[in-house]
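Two complexes follow with chain A in common, the first pairing it with chain B and the second with chain C.
The block that comes next holds the complex of A and B.
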């Protein structure tokens, strides 16, 4: 492999950091929204559900393009100076992870909502207690939702390239590095980076799953 | 105590309409009627789990509803049993102290740490009953709590309900078991097609019903 290991570690750490931050942002909005939509007593929010499920197939390059437009110097948020920074990558990847987190959370909560509501309200509990019980009872599928969101963020390349620019020591992540090494004809390096990406994804997901099962 | 007036609940193709009902303090009411008569709907309305399209339900005291689903949470048997008390603000340790004797009585003492999802249907029914009884409600609404229980456990569940009644609690029990309705009830309501056809002292309703359709139903004949 032509890349020094120190640089591989740096790229892997950045990939992990960007994907984790994106998943955190997606969860911040997606979890409450998914719980709220899934727990509604009467089936509703069909439009929101369709949008969320359709959003799971959002093309990353389109998301990247939209963020490029927003963050470019002539764009409405150009003054923030975020284009070609890890922050821009976090924002774009959060948008890609958000439908996964919110959609899977919605489905998990909805599957349990009727039974849990009858149980909690039947025992004299409040609607707030219905929500907290639903959240706790759905913890395992919610962990799966977070894992799906994290997977979407860390494996994404289109948006990361467009808004990050694949700048060495600044915005280069594992996926963009794999593309670069492949284009250079350094297949051995590309394969090694691909293996590192798989390993990082596996370890991070394992940590999430074990954490969820122990709760 | 529960009092209902002018209660109406409509679904597509079904309407439950009951003019007046009362469950006085300490009364044991059994509710009978064929499937689809509106028994479970009535119970959910009385419990406040559903809003009526018209009419009102007045509740005094702590009302607890035991659903026929016997939902168990993804927690241990002990945590499921304490759930109702914890909802009411009782601390976990105190709640555990209170439910342990109940769990021993229903034969679940050796499964306290076991995940409740692994329990059989009959065990879930006993756990659900303990969970409801442990909260010491003023009114307990039960939707077929002994469904699919073996005869020994039916007798145990009935003994627990009788004890609750003897302690002054009001109970409303929906059941398809006419013998059970007669055995346990002080008063019985007969529902058919969403209407309260007849209500009165259980012994009288089962031996000298006022309506021919009630006589036919308690005699085991098909009624629609």
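The block that comes next holds the complex of A and C.
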């Protein structure tokens, strides 16, 4: 390993921070949307479902490119000066994580919607209580949805490279560092960084799962 | 809660003091040259430098949209166009080395015995030996295409002509795996030669093989937010005699010759707008 250990820790922490923030943003919109769509009666909402499921296949490089044009100094949001910053990476990766979070939440909620609605309504509950009960009853598959979103965010390299620029001490994350080390011919370092990436993903997912099961 | 804190932390980094953003080519970054030079600049001036290492074509595209403050690239004709289009100012020649034709040690096309770079290209073409092109609009790719053109040859569509679409290091690795020839800058080749099985077959002084690195400030009159003060400061720093000497001495002990030869601002190939 040619990289100093302190720098590996720094890069890993940034990877984790960017992916966690992206998952958080995706969940902020994706969870309510998934619950709302999933709780609706069977007819209708099919278009949204198709879009969300198709969105799981969003190509990261294309998402990165769109954000590049949006955030570039010559683009519509250029005044914010966000291109080549971690914030730009969070935004692009949130878009990549969003269909995962919303789509899997939708599927989980839909599977339970009829039964829960019958039960809650039968006990005299409101439609609002149907939604909160659905959210609670779907918490375990929702953890899977969050894990999928986090996984999509932390593992991708296309968008991170295009909107982040792989700037040392600023926007370098584990995936872009792997690409750099490979390009330099430092294959052992690249492989070691890949192992760190797998480890970070494993630990983060474990925390998420344990947190979900405990409630 | 933790996530919100993390997000805040990320926002904080983005809003910190204005650094200098340098878009540059992979060869000066991946060879470690910038890592050797830039900390000294930051120490003296307090200006942190953010390096975006991509191909020359992409570096100029990034800077041409106002997304960088300065560029350090190696394609004199593209640099001249950048100046002509009013996107860059204050061009300065920083260093040079030469391009090398690398290939399998068995040298089936007998490139090592060629009298000139054009002759070497003709021998590869005639032998139909595998050749890996960058194919990515980088400075090295531009030079390779210029060599084919000057030799009056068109390699596109030939079964032995491969385009890697990746950086110089990865292209050298690909060429080694395919036992193919490729055109490389001397710096990356020397840096990589212990890691890949490729011989430097044609590396004689040849005006067609000159590889010159130029620095430009992104035109602040065109892009108001450009950190021109910092970009000019780095220009002055890179041209300073002691820094130029350090460029020439970089890894000279290890390789027995300079990876980058200082130019003290005097271009070997004129870059005129």
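Simple rule for what comes next: the second predicted complex is superposed on the first by the 214 of 215 C-alpha atoms of A that agree within 3 Å, B and C clash if a C-alpha of one lies under 4 Å from a C-alpha of the other, contacts with A are read in each partner's own complex, and residues count from 1 in each chain.
One rule holds in what follows: a residue touches a chain if its C-beta (ideal position, glycine included) is under 8 Å from a C-beta of that chain, and two chains touch if they have at least 3 such contacts.
Keep in mind the model is a prediction, meaning the values are calculated, not measured.
In the overlaid three-chain picture, which partner chain does A:129 touch, first (chain B) or second (chain C), both, or neither?
Only chain B; A:129 stays clear of chain C.
Which chain makes contact with more of the residues of chain A, chain B or else chain C?
The partner making contact with more of chain A's residues is C.
Looking at A:100 after the superposition, I want to know if it touches chain B, chain C, both of them or none. Which is it: first, second, both, neither?
Neither partner.
Touching A:90, do we find chain B (first), chain C (second), both, or neither?
Second partner only, chain C.
Quick one: classify A:137 as touching chain B (first), chain C (second), both or neither.
First partner only, chain B.
Tell me which partner A:52 touches in the superposition: chain B (first), chain C (second), both or neither.
Neither partner.
Just to be sure I read the superposition right, which of the two partners does A:118 touch: chain B = first, chain C = second, or both, or neither?
first
In the overlay, answer first, second, both or neither for which of chain B and chain C A:183 touches.
Second partner only, chain C.
Can you give me the overlap between the chain B contact set and the chain C contact set on chain A?
After superposing on chain A, no chain A residue contacts both chain B and chain C.
Which part of chain A faces chain B closely enough to touch in the complex?
115-125, 129, 133, 137, 140
With touch defined as at the start, can you tell me which chain A residues reach chain C in the complex?
Chain A residues touching chain C: 17-18, 20-21, 23-24, 72-75, 78, 81-87, 90, 165-170, 180, 182-187.
Report the residues of chain C in contact with chain A in the complex, numbered from low to high.
Touch list, chain C to chain A: 2-4, 6-7, 9-11, 13-14, 19, 21, 26, 30, 48, 50-54, 65-67, 166-170, 172-173, 191-192, 195-196, 223, 225.
In the complex formed with chain A, which residues of chain B make contact?
The contact residues of chain B facing chain A are 47-49, 62-67, 69, 71, 73-74, 83-84, 87-88, 131-132, 135, 137.
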